[in-house]
Amino acid sequence: MTELKKTPPVLKLEDVAVAYKVRGGEIEAVQHVSFEINRGETLGIVGESGCGKSTLAWAVLNFLGNNGYVKRGSIKFQGQELVGVTGENLRRLRGDQIAMVYQDPMQALNPSMRLGDQMSEVLTVHRGMKKTEAEQRCMEMLDRVYMPDAANVMKRYPHQISGGQQQRVVIAMALLNDPALLIMDEPTTALDVTVEAAVLDLIADLRREFDTAIMYITHNLGVVARVSTRVAVMYAGELVERATVEEIYKNPRHPYTQGLIRCVPKLGADKARSVLYPIRGRVPPPNNRPVGCVFSPRCAFIQERCRDQRPQLRQLPDGSWVRCHFAEKIDPSSWTPYDEIKTPENLQRDLAGEPILEVKDLKKYYEVRGSSLKDVIGLGEKRYVKAVENASFQLTRGTTLGVVGESGCGKSTLIKTIIGLEDTTSGEAHFLGFDITNSIKDRDRSLIQELQMVFQNPDSTMNPSYTVGQQISRPMQHFKTVPKDQIRAEVIKLLDAMRLGANYYNRLPRQLSGGEKQRVGIARALASHPDLVLCDEPVSALDVSVQAAILNLLLEIQQEYNTTLVFIAHDLSVVRFFSDQVAVMYLGQVMEIGPAEDIYAPPYHPYSEALLSAVPIPDPTVKQKYIRLEGSVPSAINPPDGCRFHTRCPRRNLLPDGGKICETEIPPWREISAEHRIFCHLPIEILRDFAPVVTQSTEEI
Amino acid sequence: MAVKTILQPISQPSRLQKMWQSTSIIFESRVATVGMAMVLFWVILAFLSLFWTPYDPNASDFLQNQGPSVQNWLGTDHLGRDILSRLMQGTQVILLKTRLPGDGGISIPGGVAIWGVIGSLSLGAILGLNAGYRGGWWDQVIMQVLDALIAFPQIVLYLVVIAALGQGDLVVILAITITGAPGVARLARSLAMDIKTRDYIRAAETRGESVWYIMFWEILPNARGPLLVDGMLRVGYAIFAIGTLGFLGIGLPPPDPDWGNMVNEARRNIFSNQLAVIWPALAISTLVIGLNLFADGLREEMTRYQK
Amino acid sequence: MARFIIRSIISTIVTMFLVSAALFFLIEVGSGDITVKILGVFSTPEQRASYRAQLGLDASAWQRYVDWLFGNDWRAERKVGYPLVTAVNPQTGEADWWADVDGELTRWQLDEGILMTLIRHEDGSATSHLSSGAWKTNTAGSEYFWGVDTKNNAVMWVRGEGAEVWALTKAGLRKEGDGPKQYIPLRKGLLRGDPGISLQYGRPVAVTLIARIRNTLVLAGVAFAIIMPLALFVGILAGINEGKPLDRIISITSLGFTATPEFVTGIFLILIFGIWLKVLPAVAIFTSADAIFQDPKLLALPVLTLTAVELGYVARMTRASMVEVMDSAYIRTAIIKGMPKSRVVFRHAIRNALMAPITIIMLHVNWLIGGLVVVEVIFGYPGLGYYIYKSAIFGDFNAVEAAAMVTVAIAIITRLLGDLAYTLLNPRIRYS
Amino acid sequence: MLVKDYMTRHPIMVTPETPASKAQRLMIENQIRHLPVVGSGKRLQGLITRERLRVPPTDLGSLNIWEISRLLSDLQAKDVMIKRIDLVTIAPDISLEHAAHIMIQNKVGCLPVVEDEIVVGIISEVDMLAELFELLGGNVAGVRVTIRVPDQIGEFAKITSAIAAKNWGIYASGGVPAPKMPGFWDVVVKVREVPRDDLVAVLKSISGHKVIDVRECTD
């Protein structure tokens, strides 16, 4: 039907360049970008950090700050030029015809205004609607975005509702005036995977219902595959490829797009059978881009022409657009890994070996203070956040335990307890036979040395005041593992192992990229030759191409030093790829634990099933079963009785009388095999009967 | 191999270049440059006065309450002393020397304002780091004590300290230290609370480093910038306070001229000789404003640099 | 929110105690021999010792702190054996101490070794009787008596051992016989509104202090009423025009004013308005404590001086906060929502932008008090600040302690108010 | 089949102050024939059609060339638009045939779709025709048969059950009273993936029905 009526595009960019004035010149953050978005269409814009995708969004809204401006090209909205529109005309467009949803809803909402007021002003200002009428509309819109208890939410302040709900409010607010164009800048990045899935469903629904054109910006290839109709790939400020979503994943034309797809582990892929190939090199800074093709320094198919001639975005016979001289000639299957990528081999681990870490019924409670008068003077009843409840597992030397779960599930507390940053409330934990339920202050230095940690955020993992060399050598001095005069040599050896090289010794953190900082963080953790390294989301803050390199590095190290790893992540594909054994946590409770391949196929715990159903997969041909959890994660101060998951469990009604037992009784551990256990009331037979969540669609599209 | 070619060594800047880089930030900001010029003017005068002043600052060699002339560029005061010489000499005790008590007349380098600020920075940093990093009871107790100190109106605290301990350079230093420390401590505390959430602090903790190592080797170097800028501002406050104390007649003791005291004395002859009031008043405000502009510009430039 | 408020109040109380102790011991321990100042440098050590005893300074510091804070009549009562009460002396208008002996207000006097009883009548006059059978015997066998003397002390006389004491009279020091062995100078204590006697003036501190506080409150109140709206306005104006010429002008001017000490500003204002323009009196002479109510023009220069210094500070704080808020993501949201600039500023920004300055402004009240001291000294304004200054110079610790406690109390209470205002403005605290 | 499903959402719109020349350019560039004029908050104020942009020659006769160009450049959307009071509009919840009726009655080619005076879309003849096209399955391959049937209850069911009995699927169908033949209806059915002759044979076998037109269409 829509193809029948030819309608003009809602948004049309032609050869747009956006520049920022800085001291001593200007930087073109975005160059040569052209695309259009039609009604009811979602254009996904993907790219790694710093590729200019957010700048593009701000350019459309004409909100580039004092020093930014559209240097060249035209941005046409509904046929009318947007560049140069200012003042009242611009104000009337914003919020009425063009709306935006941002990454962090908590930041985007005014903390001191009621949500109802923030929403209804969109209507009262733009449409001159009466306040009561506007509020009525807002409530209808909140219902439409499936917000429970809309009337109540209107009276609340942003901090009183959860992140997922905040994002719903922001989306509802954006849609109030039925905008022709909706710009979404990483709207789900700050959300947990199950919440993200629900928001993505919502976006798809709304696009159909409102016939809105959506410009969807994200770095996540899985999310793009789920929401977009067409995809534009950006690299270093340029648009390098543009095609339908099926085409992009099935038949990527640009070497960069191909590289990106090779970087991310497919859900179900594991380290023994597949390899991740990072893209070599790094993104050039905007003031130092190559003369020729921007991707040429990192391209495997580079030719002489690429070095000095900048390719134009051109259309291929199959309809997709690509910025590459040799798009037709490149055959992705002829691609061979670079020499420097060692493909780690022989990665199958035996889980039955010597246990290095044994944890039994580990509990960690935090005391919380109430706010009543009694609590303030210390007479109130003591209440606890039950951050970790009865965690038990064993870890064999040289293997990896992956821990997955959404934020607040207790996975970080678990490793903090193991490493001793927090003491244990009760339970047993033995590492190499030593008791480690105490805090780090009470541990022997030689024990501390064997337990080290790799952190999440590359920007804060290194102390900005010291050089790389100083930071890596500190553990060696502290633990006296290396004689003083050999420290430097030892550090350089480690740097080489991290593929950084000796010339990094004197560099300060601010001279390093995110991936390099993370490598230094790993080197520092390894400097004392620990037996067990705890990795707290070591790759989640990195771009996908760098992420692959770090994962490969960790695998290599593990093999070389026979290190044992505990690996925390929220990305299920990464955990699956990386781990030998996986534990799924929910609200402080381990729900399922077992060999990685078993977790990702039935039988599984209903929560694991829901997680798998929610995870965005970077392949539009993959079909996922539709399971969405209702409500939000309950408070850990008063976790639900019985099974902690019972308030949201979609599988409860498979039990007689709707799973009454789940509300009252703590579930048993169902032993599927020696290593695989599921914490659920459902009998094994029923668990086994679950259909797989993820299926590869065999039908060619 | 390909990796190696991309990782071209970044040439290490020499120490001199590094120093220039860190000072060049001053000239990025016009405000900071103007401020620095004003401060430098007085610093140069102070050093000059060590070797030369037009006349003996304490000698009543001239007619009283004269206006500017070729002889006395800025005129003379009510006792017939040369105002310029007194102004120049007055910089020393603020910026360059501290007179120790006793008859020997021994001075140590570093002015009263400088030592006072160093005192409040050190005391404040120690308290603030402990409160911020350790948290819990340490924080409660330290902040409670600091709150009590902050609750004192500063001038009342000065009055009380001086009423209790009498006049003298060291007493003024102590008073500046005590009044300044709570502010520094609050700043250090908030910086420590921010920095302690960083992963590199976690890394140090998982290495089993001692609390003092973490506070002074991991946190302090990263809190240095804001603390130094705050210190710069505090030198301004200190000069401000010294002037006020001098004006109230309880500041730095003679024989060295004190700007605040000069204003106070000249005030009595304000109907006959207004210039004698204006010169020292201008001196104080230009120096304080200069320091403020300098610190302000620097801070602005630093936050911009971080962005 | 309850939690936050309760914590603030508890913290305030604790702070007050800490401050009172710090103040007391700093002055008590630090200050030298106050009797030198009162009796003059030519007084003999013997005279000073006698006078110190009369002032109760021979007691331990802890004892005196407790006396100062809570009073010592309850302590003296146990020695005297009768309830101690105060009654207003119709001649001086000040309260005198009496012992309530079975309903009769009584004092004692040792006259030539004979103990006399003074009974107070309704009109304030007293009649003297011979006291009989009052002496008690202690373990050592000497006879003694605890009573209230005519100088508002609880004292202990020992029979036959009338001590020689040096009494300070209008005419100077006079040696008197029949003196008591021990003194407890009676006082109700600070918490009950009696900060003691001014050593400089010999009158109760409370009496003089009240007029001074009133004058200062008038000065500070007028200044505050001018500064706050003006400074917030100017600060917000500069904040929303960040980086533009208007902002530059406001910022630099306010920096200039803030960085100029009060006495310099004050002197310049006197020069400009009093000497060159001659529109206001250059030297205001405050003939009495009530002068400001008779001639409000006298307030002009002090208020102007205070305004100049404080205005800049508050304006700069407000500006900084406004700039930060205007840069925040939610203001961006409001602009992207197509809200008009005025609505963005008034509905979205101001409330958040005022949160930080309000706490800081309230913290800054003690700075304002500091400014008050200097301003009052410059203009000879009969307020609290001038009083503190005079007392501190003299070393009149009763007066300094009392006046300083008043300033501290003002500072702490305003800070508490600031905390409350912050709570009301910030829903994140209000609803937690 | 309601207006809201077939209208064009988010039509290109202009403000009353937009120069007429710009409005004209917009219409030509984007190949549209109707341009709603809206005030703040997309409140409908008028409609510009291509005809409205033609200045009547009688108005020009008395003007010289300079005056004409000035007249044209000064002209704003609000000067050339059909005013709100002269406009026929429609709500989104109206059935499509009702909309068609309104358009026929008022002889207009386009209706702005408004909700509380706010423009939510626009529906034109083309949208109507698109619906017809869809209704009769214009975009799929198959055999299109027209059958003339008596105007009685149950006749249509005979056709569908005959086709269903063969396990074929009707992709589209429609019926109108046969032109100038009272008592008869013309029914059109489109059946996919079926041999033409088999289908015709089946349909012919129904008594009282007459196949009057058969054609096979490809994509």
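Each chain gets a letter, A, B, C and D, in the order it is written, and its residues are counted from 1.
Following the convention adopted for this analysis, a residue touches a chain if its C-beta (ideal position, glycine included) is under 8 Å from a C-beta of that chain, and two chains touch if they have at least 3 such contacts.
This structure is a prediction, so every number in the text was calculated from the model and none was measured.
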item: A-D or B-C, whichever has more C-beta pairs in contact; value: B-C
item: Chain closest to the middle, measuring from C-alpha centroids that were averaged per chain; value: A
item: For chain B paired with chain D, centre-to-centre distance based on mean C-alpha positions, whole Å; value: 81
item: Distance from chain D to chain C - Cα centre to Cα centre, in angstrom; value: 87
item: Intercentroid distance (Cα basis), chain D paired with chain A, Å; value: 46
item: Gap in Å, rounded to a whole number, between the CA centres of chain C and chain B; value: 30
item: Residues of chain A touching at least two other chains; value: 92, 96, 126
item: Shared interface positions of chain C, touching two or more other chains; value: none
item: Touching pairs - complete list by chain label; value: A-B, A-C, A-D, B-C
item: Chain A-facing residues of chain C, complex; value: 1-3, 6-7, 10, 243, 328-330, 332-340, 343, 347-348, 351-352, 355, 425-428, 431-432
item: Interfacial residue positions of chain B with respect to chain A in the complex; value: 1-4, 6-7, 9-10, 12, 28, 197-200, 202-203, 205-209, 218, 221-222, 224
item: List of chain A residues in touch with chain D within their complex; value: 1, 4-8, 10, 39-40, 78-80, 89, 92, 96-97, 126-129, 177-180, 210-213
item: Partner chain B, residues of chain A touching it in the complex; value: 23, 280-282, 297, 338-340, 419-421, 440-441, 443, 445, 448, 451-453, 455-457, 460-466, 471, 474-475, 478-479, 499-501, 503, 506-507, 511, 521, 524-525, 528
item: Chain A - residues contacting chain C, complex; value: 61, 63, 66, 91-96, 99-100, 102, 104, 107-113, 121-122, 125-126, 157, 159-160, 170, 173, 369-373, 375-376
